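Once you've had a glance at the structure underneath, I'll fire off some questions.
A, B and C label the chains in the order they appear, each numbered from 1.
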Amino acid sequence: MTTTTTPPARIRGRALRKLWHNPMGVAGGVLLLIVLVAGVFAPLLAPYSPAAVHFSTPFQQPGTVGFALGTDDLGRDILSRVLYGTRASLEVGALAVLVSIVLGVPLGLLAGYWRWLDALVSRLADLLLAFPFLIIAVGLAAINGGGLANAAIALGIAQIPTMIRVVRAETLRLKESDFVLAAHTMHAGPWRILGQHILPNALSAIIVQATVIMPAAVLGEAILSFLGLGIQPPEPSLGIMLSDAQQYLFRTPWPGIFPGIALAVICLGFNLFGDALRDALDPKTD
Amino acid sequence: MTEPLLDVSELEVSFRGTPAVRGASLRLLPGERVAVVGQSGSGKSTTAHAVMGLLPGAGQVTGGVIRWRGEDITHAGESRLRQLRGREIGLVPQDPMSNLNPVARVGTQVAETLVAHGMCTRRQAWRQAVELLGQAGISDPARRARQYPHEFSGGMRQRVLIAIGLACRPDLLIADEPTSALDVTVQRRILDHLERLTDELGTALLLVTHDLGLAADRADRVVVMSEGEVVETGPAREVLTMPREDYTKRLVAAAPSLAGPTRASTGAAEPVLEVTGVSKEYRIRGRGGVLRAVDDVSFTVGRGRTTAIVGESGSGKTTTARMVLGLVPATSGTIRLEGQELVGLRGARLRAARRAMQPVFQDPYASLNPVWTVERIIAEPLSTFAVGDRMSRRTRVVELLEQVALPGALAHRYPNELSGGQRQRVAIARALALGPQLVVCDEAVSALDVLVQDQILELLSSLQAELGLSYLFISHDLAVVRALAHEVLVMRAGRVVEHGPVEQVLSAPADPYTRQLLDAVPGATVFS
Amino acid sequence: MLRYLFHRLWQSAVTLVLASIVVFVGVRALPGDPATAMAGEEADPETIAAVRAELGLDEPLPVQYLTFVRNVLAGDLGESVRTGTPVSEMIGATLPVTVQLAVYAMLIAVLAGMALGVVAAVFRGRWPEWAANGFSLFALSVPTFWLGILAVLYLSVQLGAFPASGYVSPFEHPLRGLYYLTLPALILGLSHAAVVQRQTRASMVETLTADFVRTARAKGLGRGAVIFRYGVRNSLIVVTTIVGLQLGGLIAGAVVTERIFSLPGIGKLTLDSVFTRDYPVIQAVVLVITGAYILINLLVDVLYTVIDPRMRVSGRAR
């Protein structure tokens, strides 16, 4: 416990310091930084357009002058495609997190706070759970055709039930706490209690859940695009690159190696960082 | 002179370099009862766990010697410790709710102790476990042994833990706050039973407790600990009636007792709160039955006075307080605050009524929003009732902090940066923010150490004198009630069994249940 | 307890009905008119109207839904638009492959995951924990279908240690069947093993630091007894829940795995039907998958009442 002699420290500030002292968290943070820079600045960093073909130079080995990571069957620069693919992965991940938060958090709060809504929301969550993300993606792809937004929405929808579960559990716990009881005696209304007492205290759990959803969505996007249900060529995607590479893997493995590594690095970053964040925000690990 | 059973000398224990026990020494003769008394953080439990080699996580013995019948067991190996634990030294742990495996039958949990020490074969173990449970005071043990912990009440679970602790007839039983989670009358029955069993078996007892009265009642000798050191040790009565050390003196003085002057009710005061014939019924799910949690309760709280409700768990005292606060709707009856009827009130009228009363809850850790600053917490009632602007609220917060004797600099701290006593002061400041007539204190000092508890009680009475506040004070502790209340209600199973001025109820109780409660208060005979 | 089971059964039934409505409405929302598709693009309006009447598509939607439910209950899932084969036959042929793959993968995931979880919890702060945690971090971060592709290339094609693709029914040739399914099941089970490992570890750590475990040690119980009788027993409850929740991911994974290893399972059927816009097949496959998911989660909850005695009385402990 912090004693009264320490200078005013903030709860989340303290969590950040704990995170900073955790080597795994720092490693995750560094990986995330690299991935974010690569994704955000892909247009500046990539030497070529991801779709630019160089028919004269297919199947270049990594280290070739001009093509640092080599080229694929159409002579497209793998480095450029990996950078743009990373960007697409992050876009899908962020969108999926957004969808699950925008829909899952309010539903979780409502279900936890009002008993009569709980049954309704729980049935909805059960229903959503019965449709794996691939099935939702299949449905959306059949209606609208594939695409980045479709993949992100399918992945986000599939994560709503877990977000509801997390927020609902936090709401149930916090609803019974004495400080909420005290707020009732001050005649604070339900929205005030939900917005000012419950949501700020549930924020840690929501953030941690977001770090779990992010890598799941990135991998999900790769699977969907690999199967042809997600991002459509010629848009760049790590999943499509893997799908393409599978066809000529016997000839040269490199086009199939780098996108896989990129996916692993993105997910490893989020997983490491998320784990460390969870530990840092957990008051029990003091 | 007989050889001591247990001899701890100059014991030092630390957790990751932070010392928890610093040079504590204590001795225990065969068959003797010794109580280790101290507040939270005094190192009393850590000392007890070190003896059994059960220090949690990063805890390490960094100095000193623990001798068991002359044998040095300070750094004994796991195999020696396993023989020792359960067979030679038994343990009755603190919280009966968390100390039994929720997914194993109660009988199995007793039997595995016997089997682990080869006391009997697996086959006989069950029969013997049933017998042990019976001896520990569990009726119908053959049937109960097949049940799981969640089917037992707190007191019954503690009996199971006693059966486990004594299963192998150890020479020493360490009881770590064995009854602090239980009601006083249950506590008394269980301790009586424990005393009889250890007497019959000649088992020595090391009782770890925060309760001076309990130590005085149950131990031959006491060891007073503070901040990891032994402050004073000696025969129980002597130490607690004529303490030599300064710390012990303060501790004894702070302990609420059933003796000493009470607050006299001088004449009748005009009532602030009038509760008449209030009941609360809950429908029992599925069976169509009705549970009367509160049954026809009536009382008043006079202006500038304190009315206390005492009772054990399930007595309906907290439900009564919550009905007054409007957190739980009353099924029937009337509640009048300043002449205004509260039952059935809604909207703006309820809002207005709520301004006149504010609560202080039991757990100072749970009653303050952890992500808010002290300033925001104290100003919360002002902002929900839209009183003043930001600047005026800020000055009001400083004023309130001063009233509860906290430095103004604390305004920008977060609750987790405060001590338990400071937090409870913040909760009181919040309750005072709107200038209420009535403050409802629901076990407001129960979670605090005795020294802090004394300070908060002092603060409450001086605020009452200063501001003319009225208190509705809910407590399970008769001694605390005596220190603060003018009027007392004793509740049991939802009904008021006795009601009157504090002096009369606590000195000459008319109801046998009140008598029973008073007798169960530990240390009653020592301190009066 | 019976009340709880009935309640759970009722909930599952409601979910199943809702799911069937979603599937039914969803398929109707798909672009393209099935009547036109069946009659052919060049058919005249009368022919199309006749086909529509024959299919019952001119009825109001609720009536169509009831007909649909009646047909499904009678085992009639319609016919493939593409081949004319009854859909129930197609599912009958592919479902067993996927079930075998999924059960095998889950078995691997639970066994490996629990073992590694126990190791991590028991050897806390020492190298076995680092190794076990490292494994699950790896398995959760690396796209496992990519590992599948690499495994086909290096283990099957170059080393010849496993068959690269194909399916042999384990009911006809037990050993050969298992042999053909092993690599796909390993790849599919990998990420689930990681999830099980993490949950087992977390639950074990929680149990092993619980008060009742200290009490057990105070009785003189050895470390082994405490780990197995207390830790593993209690973590089984958590793992059971996980298995139920993981099924959605397992189904998605099965689709990819079947594609990589060319297994004739329901995943392959799903993909084929999506790309050929064979709506009756899509509808049936989605219905079967959601139905299976709901059913298995119901079974998991029933299993709960067996594992956790607290559930037997109140049915709502947690």
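Everything that follows uses one rule, which is that contacts are C-beta pairs under 8 Å (C-beta built on N, C-alpha and C of every residue); 3 or more make two chains touch, one makes a residue touch a chain.
Quick caveat, the model's predicted, so the values are computed rather than measured.
Comparing mean CA positions across the assembly, the chain most remote from chain C is B. Highest C-beta contact pair count among chain pairs: A-C. Centre-to-centre separation of chain B and chain C, using mean CA positions: 50 Å. Centre-to-centre spacing of chain A and chain B amounts to 46 Å, using the average Cα coordinate of each chain.
Chain A and chain C have centres, each the mean of its CA atoms, that are 22 Å apart. Residues 11, 14-15, 18-19, 22, 26, 29-31, 137, 140-143, 145-146, 149-150, 153, 157, 245, 247-249, 251-253, 255-256, 259-260, 270-271, 274-275, 277, 282, 286, 289-290, 293-294, 297 of chain C touch chain A in their complex.
Listed in rising order, the residues of chain A touching chain B in the complex are 1-4, 6, 8-11, 177-179, 181-188, 192, 197, 200-201, 283. For chain C in complex with chain B, the residues that touch the partner chain are 3, 209-223, 225, 229-230, 233-234, 237, 307-310, 313, 317. Against chain C, in their complex, chain A makes its touches with residues 123, 126-127, 129-135, 138-139, 141-143, 158, 215, 219-220, 222-223, 226-229, 242, 245-246, 249-250, 253, 256, 259-260, 263-264, 267-268, 271-272, 275. Within the complex formed with chain A, the residues of chain B that make contact are 325-327, 350-351, 354, 357-359, 361-363, 366-371, 380-381, 384-385, 412-414, 416-419, 422, 427, 430, 434.
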